[in-house]
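Dumping the structure here so I can ask a few things about it.
All chains are identified by letter, namely A, B, C and D, in their written order; residue positions are counted from 1 within each chain.
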Amino acid sequence: MTKNKPVFFMGINLRKLRKAVFSKTTLRGIVAIIATGFIWELCARFEVPIIGMIPAPSSVFSSLLAQIQDKDYWECWVYSYDRVLSGFIVAQIIGIPLGLIMGMSRNFRDLTFPTLEILRPIPPLAWVPMAVIFWPTPEMSIIFVTFLGAFFTMVLNILGGVKNVDVRYIRSAQSLGSSNKDIFWRIVLPATLPSLFTGMTVGMGITWAVVVAAEMIASRSGLGFLTWKSYVAGDYPVIVIGMISIGIAGYISSAVIRMLGNRLTPWLKII
Amino acid sequence: MNEHHNPAGSGSKMQGGQMQISAISKYFGIGPLRKQIINDCTFTLESGKLTVLIGPSGCGKTTLINLLAGYETPDSGTITVDGSPIKGPGKDRLVVFQETALFPWMTTLQNVVYGPMVRGEKDKKELEDEAMHLLHKVGLAEFRDKYPLQLSGGMQRRCELVRALINRPKIMMMDEPFRGLDAMTRELMQEYYVRLFEENHLTNLFITSELEEAIFLADRLIILTNRPASARTVIEIDLPRPRDFKILVTKEYLHYKQNALEILHEEAMKAFSVGSGAAVADFLEAYSEVKAK
Amino acid sequence: MTNTQHKSPPNASGLISDAKTAGKISIRNVSKTYDPDGVNVLALDDCSLEIQAGEFCVIVGPSGCGKTTLLNAIAGFHDITSGQIDLDGELLCSKDKQAEPGADRIVVFQQGALFPWYTVLENVVFGPSVQGKMSGPKAKKAAEDILAQMGLQGILHSYPSEISSGMRRRVEIARAMMNDPKILLMDEPYRAMDALTKTIMHKNLLDVYDRSGKTVFFITHDLEEAIFLGTRVVVMTTRPGKIKKIIDVDLPRPRDFRILASEHYLELKKEAIESVHEEAKKAFEAGERELA
Amino acid sequence: MSAISLFFFRTKLWLKSPTPYLTLLGLTLLILLWWLTTEVWQLPRFEKLPGPVSVFKEWVSKDPSYGISIYMPEYYGHIWRSVLRVLQAFGLATVLGVTLGLFMGWNKIFKDYTFPVMEILRPIPMLAWVPLAILMWPEREMAIIYLTFLASFFATTLNTLLGVESIDESYFRAARCLGAKERHIFFRVVIPGAMPFIFTGLQISMGVAWFSLVAGEMLAGEYGLGYLIWNSFILVQYPVIVIAMVTLGVIGWASSAIIRFVGTLLMKWQTRESS
């Protein structure tokens, strides 16, 4: 019946951490992942139809060792990141102000929202040919399609965020003597930040999917192209390496956004 | 309004803060959807007194406070503060909302200094000192850098009180501020609030649907009719101040309570024959059964 | 909805029985320790309490004093660290045995737990229907009877979200009574209702209680409610929860609002306020210290 | 007041507000701008894009120059193939995803074993599977359906799981109190309780299904709207690209509208709540 105190190390509750790490859940997770890898290997070895066509983990691993020493492989990362970031950042630059204005002004929303709603259901990749026709370089067309992928999500999330700002916040700010400028910068903007970051996270996911596909369709570089090229060239283990790389790259991007989001919205961390 | 004395300064009874509400009415919606929420409502908030408005849930109390605060304008009638009609929201009439409207993205201190800061009054240092002084008074000094979500319900309500007080409003309007707290925290908050009031004697308007709370706090108790709301009866509550929870078990208190219940009951029966919305169904039921006895 | 027939005899299906024989709870030296985040928290400390069959036992105490922990142990939602709880002389739970949730001990929850996806009628027949105790039409008939007894006949096919919060609570009590439980466990069921609504809820609950003679285990923060409803009021200390005081409420039954004005009621209230207020303050200050 | 007259009244109010006119104005402006830049002023770069007039003429022509218009059976052939693929993939994903999600949410041990594997696969964008899918499946058709399925499947499963986990604990407790056995809890608490989230998941899943279908068809299709877009691009039949894009938009919108409609039908308890 002793009342133990939690032990903290660098802001982490060690007891809680230990409990989480050495739990049955973690153990089961590890077992499941190892078992999956093992079954995958067996399927590949015994050439089970369909699943067996996926290159075995062992061959993927040996090919990975070759890849990470290859400069071309790392260049693919750079190209893909370059495209993702360009498209994503442009989407932020245009999407954030647009979403905010749409949320603040009813007339502007009525004017632009239906247009957005009409264009939104068209899958971003369907834009690829038009983009290629329009933009002078293929690079620009890929960035444009990438931009589209993130853009709609951003605008809609911000719009929703602004519309959901609790009217009581605006009212108390008014009573306390805020100007319209104050209300925008000190109330509406921070109140919208959480949905802005939700939009960014979702948008980042879409961006990677679009970049990968666009690279396969209309480019000769990047991680998506690496995957496609390996398929065409019959170097199958590299397909899996490409996929895993894309997964990791996407994961890193979302993690960065999450970190940024946590940093900028500290009030959401409830004790 | 710019004197630099202690905002919660004890016994500063010089302030005005007499609010006159004359024959205001308010409708919502248009055409066949038009509904009257407030009907020809007249009452006075006397300077330096704590007036409590009580009425069944859904009777239009919140609309009334929105009108007094200036967030909405009445369709007819006038509202004046110390003789001059109100124009929109202003820092002379501050509202403490149901639940709380502390800005979640600002720390306790930032919330408290928000008003004077956006109005550009005083320098930062002076403002913070004043805020800390008030926070200290309600036991929140250690929590200056916490965000509202990190505070307990009771602390949030106190922070909200301080955020209003630092502006030295003429009138404080409390819209069911302790709703949603558990009964015990609620009682402690009532004590805090009554103590702050007894120190400042600002004009206070307090809206509630709890009779016990109403009588415990009030100098004057105004009972509202059912929707469309108007002021029905004013009961002067002549219980001694400073008050504490011992008065809840006195005969005088009980007398006021029974008296008020009687009127509320009558109001409920009237509403019952009109058959207003489902929100008041519980209330109607309660009092029709009381009468059946 | 205006008038419940309080004089009506127990209905034909016999669901609300007169038997006061069952539902005796003995709580003996019960303790419970939680272990969230690797920190041991003692929620209940050596509580002993005997609840007679047919008693209306009200537990009051500040937030986090372990009232709900005790209720959850009886209901079977979690285990206890030491001690033992018996129901009618049979072991219900102990250190090694967690109670099974069952239809003999039905809980009415703080936030209300009517299934929002079922209509009122479907909610009320849920118990007998999953227990396979009654045929469909028979259960439906019984449910209609019980709802009518409680003055709820007009809303059989409404969804819970369409009726007022007071009605929802009453439907929940009806749903519990359908199962003829030995004991009714109520976890602050009227919290967050305004005082005017509460009065009708109290009267309704007392009606059901006076007629059925069920044992009721009732948790609340509200002293007025506690004294008005209870046969005994048990005051608990702030965490770790211990039993601080037991107040016998010897007000006559059936009770109505007149007793709120009686001398004796005031005395009882004074007694309760004194012991609870002290604990509440302690809990409040402890809570603030914890946050700091 | 009756529902019908209320409806008319609301419509009248709406017509009096600026909303419908601004909406109309916005759309007109969009098309006007498109028309001016491409067909009237023929600005650099814009001149290459098909203009609204040429697209519209082609679309309603009885004798289209590129073979695709509302009178041509091929047009409907492409639509039908795409819809069929989405239906197969989406149907399969819904059946498997909802079942898996429900079990994962209901049974902690099952979740412990399956969830980490899903979490590892999830960050890989579904389109990165294209080459592998073609490799795995003997037929292109299967590969495309597989791709479409995969995207929907993850969205559905995760939302269903989220739905089950978001059900308030007190509903489970209430059900146990009332004597419900595990199977009752599953059918009468877990399934209806998770329903709102399942339908949110289905809407997302429908969106991503179309998204990956287009990519799949562009890369590996021999028919379908995505293929039509890509093929018209290669054959320099630009108006057809726009026709296919607009068609995709309309069908995509319609399919999520259908899901919303079914959702409202199935969850009366929720719709009545909001009204």
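The rule is short, and it goes like this: contacts are C-beta pairs under 8 Å (C-beta built on N, C-alpha and C of every residue); 3 or more make two chains touch, one makes a residue touch a chain.
Keep in mind the model is a prediction, meaning the values are calculated, not measured.
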Any chain that touches chain D and chain B: A, C
A-D or A-B - the one linked by more C-beta pairs in contact: A-D
Chain centre separation (chain C, chain D; CA means) in Å: 48
Chain A-chain D separation of Cα centroids, rounded to whole Å: 20
Chain centre separation (chain B, chain C; CA means) in Å: 33
Residues of chain A engaged with two or more neighbouring chains: 271
Residue list for chain C, restricted to those that touch at least two other chains: 291
Touching two or more other chains - residues of chain B: 150
Residues of chain D defined as touching chain C within the complex: 168, 170-171, 173-181, 184, 188-189, 192-193, 195, 267-270, 272-273
Partner chain D, residues of chain A touching it in the complex: 24-25, 28-33, 36, 50-51, 53-54, 107, 110-115, 118-130, 132-136, 205, 208-210, 212-213, 216-217, 223-224, 227-228, 230-231, 236, 239-240, 242-244, 246-248, 250-251, 254
Chain D - residues contacting chain B, complex: 1, 5-6, 9, 13
Interfacial residue positions of chain B with respect to chain A in the complex: 69, 71, 88-91, 93-95, 97, 101, 103-106, 114-115, 118-119, 147-150, 163, 167
Parts of chain C lying in touch with chain D, wherever the complex brings them together: 75-77, 101-103, 105-107, 109, 111, 113, 115-118, 126-127, 130-131, 159-162, 175, 179
